[in-house]
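We just call them A, B, C and D in the order they show up, numbering each chain from 1.
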Amino acid sequence: MKIDLSVEAGGVRMASPLLMASGTFGFGREMDAFYDLSILGGICSKGLTVAPRLGNDPPRAAETASGMLNSVGLQNPGIDAFLEHELPFMRQTGCKTIVNIAGYSVEDYVAMAEKLTDEAIDAIELNLSCPNVRTGCMLIGSDPLQLTEVIQAVRAVTDKPIWAKLTPNVTSISQMAVAAADAGADAVVLINTLMGMAVDWKTRRPILKNNTGGLSGPAIKPVALRMVSEVYQQVDIPIIGVGGILCAEDVLDFMVAGASAVQIGTANLISPCAAVKITHDLRQLLGKENLTRISTLTGTLQLWS
Amino acid sequence: MKIDLSVEAGGVRMASPLLMASGTFGFGREMDAFYDLSILGGICSKGLTVAPRLGNDPPRAAETASGMLNSVGLQNPGIDAFLEHELPFMRQTGCKTIVNIAGYSVEDYVAMAEKLTDEAIDAIELNLSCPNVRTGCMLIGSDPLQLTEVIQAVRAVTDKPIWAKLTPNVTSISQMAVAAADAGADAVVLINTLMGMAVDWKTRRPILKNNTGGLSGPAIKPVALRMVSEVYQQVDIPIIGVGGILCAEDVLDFMVAGASAVQIGTANLISPCAAVKITHDLRQLLGKENLTRISTLTGTLQLWS
Amino acid sequence: MDKIPADPAGQRHGIKYDPVTTCEVAALVRLNSDTSQLTLKAPRIAAAAEPGQFVNLEAGHFLRRPIGVMAVDRQQGLVQLGIRVQGRGTEWLSRLRPGTVLSVMGPLGKGFQLEGYRRVITVGGGTGVFPLYYVQQMCREQGIDGIAVCGYRSKADSVLTDHYRAAGCQVLFASDEGDLDVEGHAAAALEQLLQSLEMDRQEDTLIAACGPNIMMQAVAKIADVYQYDCQVSLEERMACGVGVCLVCVCKTKTKTGEANSRCCVDGPVFPAKEVVW
Amino acid sequence: MDKIPADPAGQRHGIKYDPVTTCEVAALVRLNSDTSQLTLKAPRIAAAAEPGQFVNLEAGHFLRRPIGVMAVDRQQGLVQLGIRVQGRGTEWLSRLRPGTVLSVMGPLGKGFQLEGYRRVITVGGGTGVFPLYYVQQMCREQGIDGIAVCGYRSKADSVLTDHYRAAGCQVLFASDEGDLDVEGHAAAALEQLLQSLEMDRQEDTLIAACGPNIMMQAVAKIADVYQYDCQVSLEERMACGVGVCLVCVCKTKTKTGEANSRCCVDGPVFPAKEVVW
């Protein structure tokens, strides 16, 4: 049976619903040594800022039950170096290029969006949710007014699809998603990491030098799924689901709950070829159920009344 | 070496920092068959409501990575039946009796607090955070104004220690904790469950009949620890730490981060005698580090600057 | 693993009775494509378990999994379980190897109440045939007349048929495909059986059912029509297994109205008349 | 387990090179109270691993654990690792049994660059003595003069001393308690050694260090004073091990200023002069 994995989400048509989540795939270079990246839907670049950033001091990772905390803190070469050195590579992978940008202010987002708007990229992912930098994007992303302002301002300078990546560290994710949709985002990406901490009681010190970090991995999947399902009932723009996906069943859970595409993050860190296996297994699972088009699954969850 | 596990938290002196979390220990009857409950600091009763409740339809539990979702929905005999049939039993366990109450309105909380104020109980735990009933306590617990109103109203009718159990499903846990302290709570209990969902993509149905449920277990420990540490820096009333504690090291992580006592929830469901083992191990670990009083650990975490 | 390790004996001040023990896997035998028979060295459970009771087993994931006791060998301290692969936990259990040590809680729950009955008709479908085999074993031990009705999808799918025959009870095997004694469900087979029985032993006969809900409901109805006592073993998702978490409830009738009873301690076996289907 | 299972061969369209393989544990030998030697059947890794490279191992918890390659047997396809128990993962690894199958990623990272050197002085402390043993093995294979300085807390704590002796290099064992060749740290022992060496081979000698940061820093300083080339193997908490997550960084000097380099792919071995301590 021929199985069609292609999907359309937030203004981007992709050969597969699998996007590689920002910060877990670099710019694709390292992974290119392991497999043919054209099997992917797309790659979300590491989060970029206007100026290059060294990021936080190490330790930057802590293991938790079925998850990990990271406090990388947006180490990146800056948008200009990205455009010069990394984008050309990303363009020729054969999958879509999503550029993740993180700002400290509305101006930052606008400045980067302006630079990207004439480049051969497929979408801009606004990181409104990084918990690892002291001021900036997570604060913006937890206030509907600021979120609206950023998205409107970016919308004003670019025709590229805008994906708003939201933080789960809020009282109402639907409120934020509605704000994003109203402000003109083409899709919402749910979710970035949950803010967490790990402690070594013996040394009386947090494990991460940044004290807190972002929790990712299977531990957060139930939270992410709940948010996808909740937002699916509230907004009309497509949802890209992220959080704890390790296997093909996880992908399908997210799609059924309302995601048009998904992102794979931490799974890449445990198995660099995770996406290859998931792609293979998706075909198998769909085949067994006589489902030929994965895109038909989106939002098919029937809630109990 | 003689090791002193006693602590004082929120107006209650306890022989041990280990409290059994509401909803995971019934009223202590079943566990009494397994061990001597007087080794515990205290037992938090199953959440009580003014009228008896049947709770939600099953399935009420779903397994997740390093955690579980529950949607029990406050099945309980009602406050009156509790006072008549369960409280007498709890009184004679030899550990402290904390009564967890959940209301749909300010009046509910006040009505129950009034009934409890002349009873031989040690503290009232206000459940401002149950995610499994459609209206009511979690909504109250995510709005600082309603939270303030409930606590003030309860404060007005009782001299019993008031513990405010907060929901993690908020943008700012410190804002909520500050509100609780200002309103007159004697302690904050952090955290109740994270709202989550589990899905069976094949049947296109949520696993829980209630669609969503509360996520507990080790998966949420990093979130809980972060909230304890954050609130410890912001409020002066004691913190009772809850979320994913399975072993003695977990207890110490929470205390170092700022908890004066802790609650053990899901661990009880996997090992009914979990608290016995944790108590034993606490003594061992403290002994090895030449620490004789566990209470001296509270808040000793040195954050990286 | 996030599992709380079982504590070495002697370190547990205050313990009265710990329902958790660590047991070694003695054997794992595949019965058919998706079903296995797991034998545990668990003397305490073997000594105490009654038919219809279950154990709550470590299964490689966060929560334990409830599995009914299928047979015990009290002399050798062995407990047998029949496991059908449903999902990740039973899949993990079905790949255990002898020598592996597992954390097992039990025996748990209220089993079948056989006292006072002189004849027991077990009606099993799906995995229900496993715990009911223990009922027939017990009947034999106690000199109670046993009749076993077992329903399968097909002959290929049938398990424990030799066990049941060897247990000395009268047997009636039904299959949807009609390639066994009777064509149809276990409930249909029960009805055939009841029609063939003399109608004079209603008071001393118990019908004990375990299987899919829809089958048990049908059995309960038949029992009611033919005026036999009936007990059914219900299945619900569990967490604690000891009655504290209220996760495993099923609707029952009580004097004061409907209640949510806990399958794990109030059941899993309930008088059929008390169940709200 | 949440671990993504390794996929059966032939099902992986698009794979160019999967750094992950599943390997069987061939042996686990306890070296002392907290240290073990793990032997894996891993022909591909044995064939490819260079001294200073590491593997990222499944360790019973969520993340893999990085462990340096201590020795290889290319003929038999074996890889040896020396593991000191630090926490939950190494504890789990140290209780492995022969026959268990593990997911192993590797070989990873940049190892020691021995090319062009005619003499290599390894300076190891703590678990650093394990990967450095492989350096000495390689020196022997390549006809490079080897001198091994190993620092231990005490004689009781010393490991691999026989291995090093058998590797044919000159050895100098130091211990804090003074119950071995030299009293004091490995760095102090290195200084003694350098004083005793003729000062005419600076250009063709490499000092290769691995151990606690403070030791490596001291070694780097001594190397600088005595004008020897020096390479150090840094340790930082890792996740991916392949350079994509930026979790494992250490500060280094580059032409354009300070950078956060990735220990896993830019290192773990760096020229000592490039490290910002």
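Everything that follows uses one rule, which is that a contact is a pair of C-beta atoms (placed from the backbone, for glycine too) under 8 Å apart; a residue touches a chain by one contact, two chains touch by 3 or more.
Only a predicted model underlies this, so the values are computations on that prediction, with no experimental measurement involved.
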item: For chain B and chain C, chains touching each; value: none
item: Longest centre-to-centre distance from chain B, chain (CA-based); value: D
item: Distance from chain D to chain A - Cα centre to Cα centre, in angstrom; value: 35
item: Computed distance of Cα centres, chain D from chain B, in Å; value: 46
item: Distance from the mean Cα position of chain B to that of chain A, given in whole angstrom; value: 33
item: Residue list for chain D, restricted to those that touch at least two other chains; value: 2
item: Touching two or more other chains - residue numbers and ranges from chain A; value: 62, 64-67, 217-218
item: Chain C partner contacts - residues on chain B that touch it in the complex; value: 23-26, 30-31, 33-36, 38-39, 46, 54-55, 58-68, 70, 72, 75, 217-218, 246-247, 266-274, 276-277, 279-280
item: Complex contacts: residues of chain B adjacent to chain A; value: 62, 64-67, 69, 142, 169-171, 194-202, 204-206, 208-212, 215, 217-223, 225-226, 229, 244, 249, 252-253, 255-257, 289, 297, 300-304
item: For the chain C and chain B complex, residues of the former touching the latter; value: 2-4, 7, 11-20, 61-64, 89, 103, 105, 236-240, 242-250, 258-260, 265
